[in-house]
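Per-chain numbering from 1; labels A, B and C assigned in written order.
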Amino acid sequence: MAAFARNQWYVAAYGREVGRELFARTVLGEPIVFYRTESGDVVGFADRCVHRRYPLSESRLDGDRIVCGYHGFTYDRAGSCVFVPGQARIPRTARVRSYPVVEQDSFVWVWIGERELADPAAVPRAPWLADPAYTTVSGMEPLAARYELLVDNLLDLSHETYLHGGYIGTPEVANTPITTEVDEDRGIIYVSRHMADAACPPFYAKSTGIEGRITRWQDIEYRPPCLYLLHSRIAPVGVLPEEDGADPGGFHVEVVYAITPETEHSTHDFWAVARDFALEDQSVSDFLAENNRTVVLQDVRALDILERVIATEPEGYQELSVNIDTGGLAARRILAKLAGERVQVVPS
Amino acid sequence: MAAFARNQWYVAAYGREVGRELFARTVLGEPIVFYRTESGDVVGFADRCVHRRYPLSESRLDGDRIVCGYHGFTYDRAGSCVFVPGQARIPRTARVRSYPVVEQDSFVWVWIGERELADPAAVPRAPWLADPAYTTVSGMEPLAARYELLVDNLLDLSHETYLHGGYIGTPEVANTPITTEVDEDRGIIYVSRHMADAACPPFYAKSTGIEGRITRWQDIEYRPPCLYLLHSRIAPVGVLPEEDGADPGGFHVEVVYAITPETEHSTHDFWAVARDFALEDQSVSDFLAENNRTVVLQDVRALDILERVIATEPEGYQELSVNIDTGGLAARRILAKLAGERVQVVPS
Amino acid sequence: MAAFARNQWYVAAYGREVGRELFARTVLGEPIVFYRTESGDVVGFADRCVHRRYPLSESRLDGDRIVCGYHGFTYDRAGSCVFVPGQARIPRTARVRSYPVVEQDSFVWVWIGERELADPAAVPRAPWLADPAYTTVSGMEPLAARYELLVDNLLDLSHETYLHGGYIGTPEVANTPITTEVDEDRGIIYVSRHMADAACPPFYAKSTGIEGRITRWQDIEYRPPCLYLLHSRIAPVGVLPEEDGADPGGFHVEVVYAITPETEHSTHDFWAVARDFALEDQSVSDFLAENNRTVVLQDVRALDILERVIATEPEGYQELSVNIDTGGLAARRILAKLAGERVQVVPS
């Protein structure tokens, strides 16, 4: 199992999850308490009182201050202690660590690592999720599995045919070869599968209204460690984008995952589906939300099983990798580099 | 705790448990998937896809082939991979390990160890379980305890008086001395307790119809590691077998246990009771099935307690062994020899 | 985490918990079975049969003898084995360890350590609990946290304001400075907080009938490792004891805790509240019982949370201690001395 990649931005929550109640979430093993200040900013602190480690998320807000629920140590919105019970003097070191936070594209991003290295401009983008030209459904499912298993899963969509048959999988997905490109400088992995003439899975038939066979493009763009984009284009067979890039005949779905390790053996699996058609049609939104959640839960079930296998059978096991794994193996390599590790990847 | 005895046959299931659905069972820590082929044979494979270790028991059958439920790797009934998604070439090493299997005496036996050492003729016999001259009731209870505790339990029947009082235990069982013989060459342990004049436990009174006191013989024959036979004879006091061995006045019950380690701390406790009387009487079958299951569950409860004691109090503890333990101590010694270990057994 | 202090008396139970049924309780990791003999004495033994470690608490009494529920090994009230199944000879070493036990002040005290060092006269006293001049309510709550967390909790009552606000906490408790004294020779810690003019918490207002503000004294006397006394005095503002010590204008509540480690990560949290007023008023008893149990359960919830924090985040963490922690830090030091350890305590 690879170590975590630190000094990175991770999605900790949707903006809608964080309000005027204390909100606890663990990211890369670090327990963090978030809340929204009276002025509307999201702030995040180490979720442990400096006194006796009591979780501040078990405490209460007093304006923008957190009052520890055990002995009343009180912290301001910068994390500085401003009250200690039974004495006037505040110890100089009484301060909880605050985390750099950016709210963008509907997500609350948090920087895990050295504070001074955090660059808000470097937060990766998923602009569709907050773009009025798109309608988005989204959710988060807790995964009782290490994040690497979700990365593997998402970078090899051939599993759609087997694990998600009847939903998003059709035989063409598993049988169409992929192309994989790695931008080593920027650390981005691209995996593409362009099906010129494919069955239309019910998932898309119902939401686009297309009857008959389709041209189906799946263009994965994975920006390790956290952000995974699947640019999905569906059109009737033979309908391609125009020369200038305009694509009035295509239906576009931007599938976004944020893969955030919670602990070594659990992951926050954020998923969002943004579409550029049927924008006001609530029945399409409901259909996509329910179906994508079903697909995510199929993955969750399978990966939870796999985690138990891996966690309880630790001895040296040689995986057998094939062509479909090219993207996943590249991802492992880049993740290991980000985590400061070397891995040995042995393709078959 | 002794290591497992490998290169041995173990009962993995009743034949009736294995059909055209994939059936998972772990034996000696090895996860195995079983199914019955279209021609009716039982086959068993390592329950892990060679690609990413996904349990094949979570997959589906296509004729006699298993199609992995994650990415569709497909295996034939010999365990050879015959399909890989996204490519035509099948890697030479893509093969799941198959297990030697023998279906006999109502059991599915599996060989755990080196395949080339498996000799189907060496599977130990419990012929009554599939003999029309006997009627059998049987079951399997999962035991959250190491198998050694069940061996100890079954080789010392004095516990019947205390743990199973009111069922199969009477004071005579605990108070009658035993004789123990060990066939070192064949590795078989015999423990006998012959009660010439004993109370008839309700368990037997109801099923045989005997009123009054009985002659009760208990002849244990343990064939380590897996098969335990209790040849039980009941007759009215003084009624003995004839000189030529014929025994028209006796009631014979063959109690069979198969003791199969699941993990280091859990065991499959197979039990069967075959009788040579009241063959067609369903009420006797129902009575024996319910009562023997109750007795097994009393053992399960006690051994689960004992496992928690032993597992959570690991420090050096000196057991105190007495005469009744002679058979159990011999069993430990033989099991340790089978497992390639030496044990030091200190009788009091 | 400090080791346990052995060679000490610990409260194992209330006398009312132990009768003619076998009663199991683990103290300092040692499983003990208690029962009351036919003559009414409480006796305690190691809760493991010498034969195969079966818990004797799963067994039954025959007069004053314990008959093991597995194989019938039988022990007399001194712990000597008097019956072994299947043989007449009793092995010389067949004896379960018996524990020194004293029943006093409503508690069953047990000596954990070397038997010959046990001095019944050294059992610490809480005489109010069995004194007809007081009425007592009491209980025991299981705590899934190490005992040190409960010691910390009870020696710093400033947490009453935050964790028990609305019950026993008021702002004055957290804001009034404490005085701490340590009797190093006798190993006793005293922490006092005298509030001359304080709000009367509902807990006391309802039980004493005092209206308006009060003089409130909290005098803690902790006798490590097990016994914690809180001498609590409430009176209308300005009403003090008379010069000769008589105190007809004061209401006295003796709050007694017995802090008994069960395992390294769990504790028996015995609590009792004895009062010298409204002795016959059942509604006051009911009110105090319900309210104090609520307060104890608030502590239990918080300490269980803290235990999970400490147990799962083991890396070097520097607590920040302030004035209110003086008593708790002294307690840690004395407990470590009793346990034969050195601790380094770094006040801020």
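Following the convention adopted for this analysis, a contact is a pair of C-beta atoms (placed from the backbone, for glycine too) under 8 Å apart; a residue touches a chain by one contact, two chains touch by 3 or more.
The chain list, named the UniProt way, goes like this: A, B, C = Aromatic ring-hydroxylating dioxygenase subunit alpha.
None of these values were measured; they are calculated from a predicted model.
For the pair chain A and chain C, the CA-based superposition corresponds to a rotation of 120 degrees in steps of 5.
Residue numbering at the chain A/chain B interface overlaps only partly, since under half of the positions present are found in both copies.
For this pair, chain A with chain B, the centres built from the Cα atoms lie 48 Å apart. Annotation for chain B: no residues touch 2 or more other chains. The touching residues of chain A, counted against chain B in their complex, run 152, 156, 158-159, 161-163, 174-178, 302, 305-306, 309-310, 313, 317, 319-324, 348. Put simply, chain A touches chain C in their complex at residues 31, 48, 50-55, 58, 67-72, 84-87, 91, 93-94.
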